[in-house]
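The two complexes that follow have subunit A in common; it is paired with subunit B in the first and with subunit C in the second.
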Partner chain A sequence: MWRRLRMAERALFAGLRQGLERLGQGAEAKIRRLGFAARFFVAILLNSGTAFRRFSLTIREIYFAGVLSLVIILVSGLFVGMVLGLQGYDTLQRYGSSEALGILVALSLVRELGPVIAGLLFASRAGSAITAEIGLMKATEQIAAMEMMAVDPIARVVAPRFWAGVLSMPLLAALFSAMGIFGGYLVGVKLIGVDEGSFWSQMQSSVDVREDIMNGVIKSLVFGVAVTWIAVFEGYDAPPTAEGVSGATTRTVVTSSLAILVLDFVLTALMFTGGNGK
Partner chain B sequence: MKRSTIDIWVGAFVVAGFAGLLFLAMKVGNLASFSTAETYQVQAKFANIGGLKVRAPIKSAGVVVGRVSNVTFDNESYEAIVTFNVDAHYRFPRDTSAKILTSGLLGEQYVGLEAGGDGVMLRQGDRLRLTQPAVVLENLISQFLFNKAAEGKDGK
Partner chain C sequence: MASAPIVEIDKVSFGYDAARPVLHGVSLRIEPGSVVGIMGQSGCGKTTLLRIVAGWLKAGAGSTRVLGESVEDLDGGGIFALRRKMGMLFQFGALFTDMTVFDNVAFQMREHTDLPPEMVNDLVLMKLEAVGLRGAAQLMPSELSGGMARRVALARAIALDPRLMLYDEPLTGLDPISLGVIARLIRTLNDSLGQTSIVVSHDVEECFAIVDYVYVMSAGRIVAEGKPDEMRHSGEAFVKQFVRGETDGPIKFHYPAPGYEADLVAPAAHG
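Moving on to the complex of A and B:
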């Protein structure tokens, strides 16, 4: 009887200990990876001379990350703006203030939706492609070959992609917002018949260039850094197998989407603190 | 793809991106109309500013002529000091009065200027003497109730 209890107790303690050990190992691996990511970021910054000296490398990557993302960004911007126009009108006209539609569409796009949705689309359209490309280069030993030829793969492969993403992201977000406002204008003014003059003038009187537009640009710049950093790191860190590359691509999309949403909350809390912080 | 084609596409992308930013700044954010104009600063003391906020408009005869730049509390007279910038195009006499008004029934609050008859114009750093504080709805209602109660007493 007693012996049985003693044995059960021992098994329980062993199980607990194992669980704790696994947790510790997991946490240690995560922290180590985070440290590696931070060192990798510094390495990119230190080795980005080539990306600017041979700017054609970066231009090529801007083409792949920015220009090829244009279609999805513009079309989704237009539709998001049109939906905002419809939904905003539906709610605002109940309070008899449908002229405020311009403010609603412009502020929600410029402050939040433009940077965030453009960032999410950029992460899944361009970020995943960057990870897959670098991961495959590693799997097919192209990166090792470069190192053998004394070409620094971070300067030659990683830094141009990083800077291309950082430069493209604010432009894409601005285009998304502009297209969305145009979509809101199409639905609000052309389709529903909100007065055109008050649509634009109310928008202009309440959107501030520094407070709203500049903060939106800063947000998109931060998102650009976060997404491309995660994308190039996941690609560079991917296990050199088909499975590893596919896992890394998935992780890029998931991690950078979460990073965008969390960073957006932090930046919004810092930028728009209830009006008394101005 | 040829390198020159890529260059052209990237160039078009960058131009389009900056055009989008310019559109946001000019058409949406109204950069052109106010921030670059010359202004002069005027102060006014109010017994109560209600819900007046920084960047609220200054209007005269319904036209926006400036914006509130700062609101502080004067610890000697226990009044609010409102500092605002008036566009240099618009000159007002020195005995202009300022009121805090509300646009619409529940709209935002703004400062209304009413020009006086003095020959001397307001200059940078001047202070308006005649001010009228914001109407606080609770005070208005309690005043109304007191009046009603007083009337009821007189009637008996």
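Moving on to the complex of A and C:
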């Protein structure tokens, strides 16, 4: 009886210990990877000379990451703005202030929806493509061949893609917001009949360049750094197999989407809750 | 051959981790101008050895001298400087898939030199002519057959006239015509450009036909060395099995397993 109890106890402790060990190993592996990602980031910054000296390399990547994302960004912006127009009007007219629709649409887009949704779209359209491309270059030994030819792949492949993403993201977010405001205008003014003059003039008087637009640009810049960093790192770190690359692509989209939402909260808290917050 | 060897490896050992040693005390010398084959089964450490020569992996013990430099003592910049004097042909070519054949071959010239575009153009066409693919200059890698892709990769590898060429399984997976073409190119380029070449391969006869000297590896050790003819008539059991492709010998056909009968009687063990 006692012996059985003691055996059961021992099995329980062994199970617990194993579980704890596995948890510890998992956590250690994650932290190690985070450290590797941080060192990778520093390596990108240190090896960015080529990306700027031979700017044509970066321009080419801006085309792939930025220009080819334009359609999805513009169409999404238009529809998000149109929905904002409908929903905003519905709420505002209850308080008899439907002329404020311009402010609502513009502030929502410039401060939040523009950077966040453009960032999410950018992560799934361009981020995944960057990861898959670098991962496949690794799997087909193109990265190895480059190293063998004494060309640093971080300088030649990674850095131009990184800077292209960082430069494209604020522009895409701005275009998203502009298109959204136009969508809001179409629905609010042209469809529902809100006064055109007050729509634009209220927007003009209430949207502050530094408080609202600059903060939106800063947000989109931060998202651009986060998404592209995650994308190039996942691609470079992907195991050189079919599953490896597909897993890395999925991780890019999931991790960078989460990063955008968390960073958005942190940045909003820092930007808009100060003494002079609006 | 009294001149200094191009590659001199002395008692090199290496393992990816402590539990799995890959190379045990490997020593070899490669003389200038020669084509040397490193042969052995898949997984015997040939490619690892090639990567140590290229400064890709650092040997755990022993010394590696390549083109007069001690590879272990070089930092990242030193390794890159050394690699400019080397070319490597990868198993499947590893061409840059987003560039044309021309741009692939021009890659190193544009990265490492300030040659004017006209000169790059002439040099690239000369390299492509050497592998018989001048007419394919504007094709993309996806439009090439396996053999053609490897020839383009070869043109790219010799773009800056390397003194040492490393070939990683250059003959694997090719049709007989492409295989003959690549094998002949390895020999003629070596001799006409005054290179030294290391060919890692497990294609016995094709490799024997072009190399001057062979090292045979098994389980991370060099088990035999000599001229191809000596290898053909070697009395060493592993070399005999390898050269003739026999199914049983020192290398067993069966993966180690418990007794057949015991395994059949207790099928529950495998679930």
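In the analysis below, the second predicted complex is superposed on the first by the 273 of 278 C-alpha atoms of A that agree within 3 Å, B and C clash if a C-alpha of one lies under 4 Å from a C-alpha of the other, contacts with A are read in each partner's own complex, and residues count from 1 in each chain.
Keep this in mind: a contact is a pair of C-beta atoms (placed from the backbone, for glycine too) under 8 Å apart; a residue touches a chain by one contact, two chains touch by 3 or more.
The model shown is predicted, which means the values in this text are computed figures rather than measured ones.
S.K.: In the superposed model on subunit A, is it clash or fit for subunit B and subunit C?
M.R.: Result for subunit B and subunit C: fit.
S.K.: Touching A:141, do we find subunit B (first), subunit C (second), both, or neither?
M.R.: Touch status of A:141: second partner only.
S.K.: Which of the two partners, first being subunit B and second being subunit C, lies in contact with A:103: first, second, both, or neither?
M.R.: It touches nothing on subunit B or subunit C.
S.K.: Could you tell me if A:80 is touching subunit B, subunit C, both of them or neither one (first, second, both, neither)?
M.R.: Once the two structures are laid over each other on A, A:80 reaches no partner at all.
S.K.: Under the stated touch criterion, name the partner, subunit B or subunit C, that contacts more residues in subunit A.
M.R.: Ranking subunit B and subunit C by residues of subunit A touched puts B first.
S.K.: In the overlaid three-chain picture, which partner chain does A:149 touch, first (subunit B) or second (subunit C), both, or neither?
M.R.: Second partner only.
S.K.: In the overlay, answer first, second, both or neither for which of subunit B and subunit C A:231 touches.
M.R.: Neither partner.
S.K.: Quick one: classify A:260 as touching subunit B (first), subunit C (second), both or neither.
M.R.: neither
S.K.: To the nearest 10 degrees, give me the subunit B-subunit A-subunit C angle using C-alpha centres.
M.R.: Between the subunit B and subunit C centres, as viewed from subunit A, the angle is 150 degrees.
S.K.: Just the number, please: smallest Cα separation between subunit B and subunit C in the overlaid arrangement, in Å.
M.R.: 10
S.K.: Intersection of subunit A residues contacting subunit B with those contacting subunit C?
M.R.: Overlap of subunit B and subunit C footprints on subunit A: empty.
S.K.: Which part of subunit C faces subunit A closely enough to touch in the complex?
M.R.: Against subunit A, the touching part of subunit C is residues 54, 56, 80-81, 83-84, 86-88, 90-92, 94-97, 107-108, 111-112, 153, 156.
S.K.: In the complex, go through subunit A and note every residue touching subunit C.
M.R.: So the residues of subunit A touching subunit C come out as 137, 140-142, 144-152, 156.
S.K.: Using the touch rule from the top, collect the residues of subunit A that touch subunit B in their complex.
M.R.: Residue list for subunit A touching subunit B: 56, 59-60, 62-63, 66-67, 70, 106, 110, 168, 170-172, 174-175, 177-179, 181, 200, 203-205, 207-209, 212-213, 217, 275, 278.
S.K.: Which subunit B residues qualify as touching subunit A in the complex?
M.R.: Residues 3, 6-7, 9-10, 12-14, 16-21, 23-25, 27-31, 33, 35, 53-55, 57, 64.
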